[in-house]
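Two complexes come next, and they have one chain in common, subunit A, joined by subunit B in the first and subunit C in the second.
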Partner chain A sequence: MGVDLIFKIAAIGILVAILHTLLDQSGRKEIALMTSIIGLVVVLAVVAREIFKLFESIKTMFQF
Partner chain B sequence: MEIFQIVGLGLISTILIVVLKAQKPEMAMQVGIITGIVIFMLLAGKLSAVISLFYDYMSRADIDTSYIATLLKIIGIAYVAEFGAEICKDAGESAIASKIELAGKAIIIVIAVPIFASLLDLIIDLIP
Partner chain C sequence: MLLKIIGSILIISASGFIGFLYSKDCSARPQQLREIQSMLQMLENEISFLSTPLSEAFERIYKSSNNSISAIFKSAHEYLIDNLNYNASEAWALAVRDNIKKTSLKEEDEEILVSFGKILGSSDVEGQIGNIRLTVNQLKMQEHKAEEIRKKNENMYRTLGVLGGIAIVILLL
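== the complex of A and B ==
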């Protein structure tokens, strides 16, 4: 279940990098920055949920 | 064999991180976090079987299970602190990493105090 998440996040990262370069090349610097920040926030939301799941499973495993 | 899965997963995610690091280092870090979580999740089922076996033998040998609970808690804290500290260190923030490690050590000492106190009580009882 988690393995596709790695590919998903890597794909988002590559996509955001490409978009950033394209927008930067065409002179829209502020939109390029916006796409990077939005991509980062989206990925951060996913990662935060996964970290929460990890902590929950550690809590149940080690009987906190 | 699970080890081939885990090694393959680690290699693939390392390649992805190396590709991403040049363009977007923050995304590379997130891929690293997810990889760590996925590998732990693959191991969690097997480890919890070992832990439940441990509990079983503890209850059969009539040993107070609060000690083993404290021990497990310490292992969990050590793992979480290590996980966080390694991610911070990878991202170049070794100062925050060492603070996380310090916090882990402090919390482990606080949790271990009851065991230490019971050991000291035993020693004091033995002294005539």
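== the complex of A and C ==
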């Protein structure tokens, strides 16, 4: 699960980088920015569950 | 696993195909603008040298070539022949509005064509020829613009299609 997730996020990162340069070159700066933001949001959505798990484990750590 | 690979190949090829269609649409517009210019040139010849009535001129023009633009001339001819209630400019406007969806032309091109029709059949030969030349010049400007847009977009759409497909596959995996 863990390694898969990292690879997925890395792939999305590469893809968004390529899309950004592509759209930037064809003179659509706004859309390039939008794709970057959408990439960020998607990655956050993917990672959200893991972050939630991290907080849960921290909570259990401090509960005596 | 095999199913996943087949599915991802299908998704990538489908979105790549969509991108390809869009890029083809980009290159179709300047082409069609050129075609309609040459057809209007033909109409100018019909009017100035042969003085043919408009319905006959339309018929000859659409018979001389076979592309999606000639459908406009065809339906304008049909409107003029079948319904005696329409005058030339109404028939032309109706024909343009009916057929513009089947072509790759944009609304600005449609406006130029419709405003060309407004003077059609309402002045002497000189006025008609002036009107046609004006329209051809406007279309030429549109063609230059469309050509620039094509250069900018053609590659982008193609790459965007494939990359979008890859993005969907990564998200679904």
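Quick notes on this structure:
What we mean here is this: the second predicted complex is superposed on the first by the 61 of 64 C-alpha atoms of A that agree within 3 Å, B and C clash if a C-alpha of one lies under 4 Å from a C-alpha of the other, contacts with A are read in each partner's own complex, and residues count from 1 in each chain.
Quick note on the criterion: a residue touches a chain if its C-beta (ideal position, glycine included) is under 8 Å from a C-beta of that chain, and two chains touch if they have at least 3 such contacts.
Small disclaimer: the values here were computed from a predicted structure and weren't measured.
Judged by the touch definition given at the top, the superposed model places A:Ser36 against subunit B, while subunit C stays out of reach. Once the two complexes are laid over each other on the shared chain, residue contacts for A:Phe62 go to subunit B alone; subunit C is not touched. When the two complexes are overlaid on their common chain A, residue A:Ser26 makes contact with subunit C while staying clear of subunit B.
Judged by the number of subunit A residues each one touches, B leads among subunit B and subunit C. In the superposition on chain A, contact is made by A:Val3 with subunit B only, not with subunit C.
Shared contact residues on subunit A (touching subunit B in one structure, subunit C in the other): 12. The part of subunit C that touches subunit A in the complex is made up of residues 152-153, 155-156, 159-160, 163, 166-167, 170-171, 173.
Across the complex, subunit A meets subunit B through its residues 2-3, 5-7, 9-10, 12-14, 16-17, 20-21, 36, 39-40, 43-44, 47, 50-51, 53-55, 57-59, 61-64. The part of subunit B that touches subunit A in the complex is made up of residues 9, 12-13, 16, 19-20, 23-24, 26-28, 30-31, 33-35, 37-38, 40-41, 44, 47-48, 51, 69, 72-73, 75-76, 79-80.
Subunit A makes touch with subunit C in their complex at residues 8, 11-12, 15, 18-19, 22-23, 26-27, 42.
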